[in-house]
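Going in written order, the chains are labelled A, B, C and D, and every chain counts its residues from 1.
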Amino acid sequence: MISTRAAQINAELISNKRVGSYHHMVFSVGDIASQAKPGNFVAISVGGESSSMVLRRAFAIYRSTERGVNGGLVELVVAPQGQGSRWLTSLEAHDVVDMVLPLGTHFGIPTEPVRALLVGGGYGSAPLFGLAELLKSRGCRVDMVLGASTAAKIYAPLEGKRSVSSLTLTTDDGTAGIAGQITDVLPKLIEENEIEIVYSCGPMGMLQAITAVTDRYQIMHQCAVEEAMACGIGVCMTCVLPVTGDDGVTRMLRSCIDGPVMDGSRVVWDSKRKIPEGTFGA
Amino acid sequence: MISTRAAQINAELISNKRVGSYHHMVFSVGDIASQAKPGNFVAISVGGESSSMVLRRAFAIYRSTERGVNGGLVELVVAPQGQGSRWLTSLEAHDVVDMVLPLGTHFGIPTEPVRALLVGGGYGSAPLFGLAELLKSRGCRVDMVLGASTAAKIYAPLEGKRSVSSLTLTTDDGTAGIAGQITDVLPKLIEENEIEIVYSCGPMGMLQAITAVTDRYQIMHQCAVEEAMACGIGVCMTCVLPVTGDDGVTRMLRSCIDGPVMDGSRVVWDSKRKIPEGTFGA
Amino acid sequence: MTFSFAADLAGAKLPNPILTASGCAGSGKELSQFFKLSEIGAVVTKSIMIKPRSGRATPRMAETPSGMLNSIGLQGPGVDYFLENDIPWLAANGARTIVSIAGETVEDYAVLARRMRNLPGVVGLEVNISCPNVENRGMVFSCHPETARAAIEAVRRNIGGELPIIAKLSPDVTDILGIAREVSNAGADGVALINTLLGMVIDTNLMLPKLAQKTGGLSGPAIRPVAVRAVYQVRAALPQLPILGMGGITNGRDAFEFILAGASAVSIGTATFGNPTAVIKVRDELSAILQERGFDSLSDAIGFAHREVQA
Amino acid sequence: MTFSFAADLAGAKLPNPILTASGCAGSGKELSQFFKLSEIGAVVTKSIMIKPRSGRATPRMAETPSGMLNSIGLQGPGVDYFLENDIPWLAANGARTIVSIAGETVEDYAVLARRMRNLPGVVGLEVNISCPNVENRGMVFSCHPETARAAIEAVRRNIGGELPIIAKLSPDVTDILGIAREVSNAGADGVALINTLLGMVIDTNLMLPKLAQKTGGLSGPAIRPVAVRAVYQVRAALPQLPILGMGGITNGRDAFEFILAGASAVSIGTATFGNPTAVIKVRDELSAILQERGFDSLSDAIGFAHREVQA
């Protein structure tokens, strides 16, 4: 179950650049960078010495580099939303944060080359670029579709796109790509590109909607979920969601160690504020 | 009672220099600088947006300038001690703090020229230099004695000394001036300089010891006390100490608005952890 | 439609629902250098007792994570001085005043209630029953149904006229609902929730309790979840009983939490120590939030978090 | 003289006084990637119930100022799975284990106590009685003297042998001393103080309670003053009753506060969420502080803040 051996380190901020609505942040993390796989995340203490925030914040690893001039690096894409992320994005180069990494499950890579579609919502695109590279290096064809409410909320850096055969954008307000939602274009992309597996990351509602589509086409859907996490390391049981196992039994699994990458078709979606009937121990 | 009309402002940090064990910090505060008198203090919010510290920190005004290139200025001498002062002293130029000023009573200035001795312990020297200047401008002779545990904890900048006729230093460890405590040299200084009034600022124990001396010589002692304060503006009643009034009645007075400058001979010292017998309402 | 921010607190009509908290606004004078007291819903005075009180020895205060402890011990000059000096000054300065009273005996509450009749500018009475009952083993009045009832009944019988009576409850009880029910039956027109939680800090340098009095009352944002829970519970069980909510409110969002939970108005205590204009900030932010969320009036938002929603 | 950091918790001999808190260390496995479990005094397991439990619906968590709310609802696989899997693994990894048990009926406690006999590596039992009693109007066991007593008596009668029984109490009571006395009389060898405080956060976007379960337990530094007060009070009244202290401990200074107040050992809960190695940090810092202050042993410091000092 505990697949990664995580480490707690002092990570130095190397650079912090604003990109659209996000901050692209690069941290020097040393050798542990080599352990990170696409889908893994990091957990960072926020607010400094006299912070009133007692919990870490989780961020998907956008990219990890084993050896840069500054040693191993991890890169994050952070949206300044609340107190914690605003504090983080206000840091400057050479500031040091307390970081635990790598955490969680990673995207599964098929043993055979397959035709993969990567779907990202908002900053959910972050872990997909590293995944695209890896899939490409294994001979897969990779298509990508990214969506957000507005253009500034699509994170799609140039260098990230080099591994994808096609990139489709959607925005709710039409400021970039197709006006509409990701799920509007999904069937067409799946059909035209003869997609065999969908990888996704983004808001829970989007993941649920994607699952409806992939279930219909009966293709695999590996999604990285985002549940509120208190610890990120499996000890608090706050981040659970109901997932049906091979035995047909639905259990409340921890999205921080049994996830964030999960099989979309196994997740019992729409389970906020209720435990699905028949769940183990309900 | 409420002698000052305090204002709450955003004060920009202009400079922050380490001096011995202290930080000399200059803030741009606008016109309100003209209202500050020696003995007044400021109260600053600490820890930033997500701070776990709910109370302001009080700092004596070291100097105030009505018009600099940056408009009105106040200068503080801050010892990094606990969380709040460490946060404050880690700020950089252009950072902005929420400051309330000027607060509290100020040192009383005699109408006639007198021979004054100014006594400061540690950062307690801060408000004395402005006072020295003012007394000098009123034709007083000003002697000064500063003490601390060690040389690095004596704050006595060159430009501060220009208004004093003599400056005596004491340190517990003998690293500067006379080895010993301020009170060891006090009688001699009072006698030799025929002192008529003592002004003091420093730890409560020191103020009490000075009072014993000034009472013996039957000279005035105006001291700036330092009681733990929650609000600094007279609304919480945490900062009280017993003071005997003209009517002979001892009352628990607020050191933030009835002080910090008080008549040493009226303070009932040694009242930590007990209410003196006969106190009004006890 | 114009937005109505007016508050009705158990019969007290206020222009807005933002009040100071008892013991956290001095005599009113001290805050008036920062804003006009008439700009807020009402000034709640510190708890007035019959005789002058020196309060507790110092240290009386300790800062804690997102909060503070205090053991002021109700320092004050007594009711005579208060009626002669503070009340006229508050009235002259346009403040609506809610007088907080505190007693050591049931009779004290009766005496104080009688003194509160027909005072200029006074719109309500907050009865602080979180005091030790000197006649009854020092038990805190509001910690037991019988003593809570006795104190409130004494006030009810003696107040006369229309002045709303708001009983202020301690959260340090097994069953705050039971106490709320009891004081409501005894004649309280509303409840103030919550007073401070009993706490202690040990000074690790002295290796002794930091406060001279050893224990003190915990206030500030740290206790907000406890306060919101108390307000929600009482509102759910006694929907007709008006609530004055407080505990850790520092901004408009916090106040909105209390209103949604069921408070008709809120008091701001500890936040004022960190920010002398906290009440004004809360007032302006709450007003903006209510309007952004499309509420036509404050009253539409009171208890809104209790509505049934499909899961 | 060499410094002795060894702890004696109601008879459980531990190399140091730093424990995990129930429900805050998973099965132990998850933390073992950060440090060896044998390095701390003991691992306190999450509260084990007889049958598997799904726990509460999500959201189960809300961050609060210097704290958090949780409503996990004792999710777990049940006692059979626990005894087959977790206990052997903990023993094999050199952990000293204190098993926390929780029941919905008095009989549950009896059954669980019997299952705890002769387990490898188990050095004590923590009895979580902050659970609703399903047979008795859902009243929380530890909130009433009678139900608290009944649960502890059931454990005492069924445990057999030498295993120390530590009753874990809720702070949400009028008289925690009364409860401590009652469980001590019922056969508890010590008390764990404190469990979480009942709280609520309202999600101001949804305008509903943030947790699916509405209320949750407040933990973290915010509640530390309440916890220290409880420890100090119980120590003062019942000096012979060993105390496991907890509530908001994040560093050695915090732990020192609890030791001075009268705790024989401490548990670290919420701090582990913010810092996976919090227990090791607390252990090392506390050891250093005790030695700097000139204590020859941990036991010399326990309750030191109760000494009489001239004012």
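Following the convention adopted for this analysis, contacts are C-beta pairs under 8 Å (C-beta built on N, C-alpha and C of every residue); 3 or more make two chains touch, one makes a residue touch a chain.
Source: prediction; values computed, not measured.
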Out of B-D and B-C, which chain pair has the most contact pairs? B-C
Among the chains, which is located farthest from chain B on the basis of C-alpha centroids? A
Starting from the mean Cα coordinates of chain B and chain D, work out the distance between those two points in Å. 46
Expressed in whole Å, how far the mean CA point of chain C lies from that of chain D is 34
Centroid of chain B to centroid of chain C, CA atoms only: how many Å? 35
Find the geometric centre of each of chain A and chain B from their Cα atoms only, then give the gap between the two centres in Å, rounded to an integer. 55
Set of chain D residues in contact with two or more other chains: 65-67, 220-221
Could you check chain B for residues that touch two or more other chains and list them? 52-53, 272-274
Have a look at which chains touch which and call the overall pattern line, ring, star, complete or other. complete
Enumerate the contact residues on chain A facing chain D in the complex. 1-2, 5-6, 8, 45, 52-56, 98, 100, 227-228, 230-231, 233-238, 240-241, 251-252, 257, 271-275, 279-282
Sites on chain B touched by chain A in the complex: 46-53, 83-84, 86-87
Given the complex with chain A, which residues does chain C contribute to the contact? 65-66, 221, 311
Chain B residues within the chain D interface of the complex: 52, 272-274
Within the complex, chain B is touched by chain C residues 23-26, 29-31, 33-34, 46, 51-61, 63, 65-68, 70, 72, 75-78, 212, 220-221, 270-277
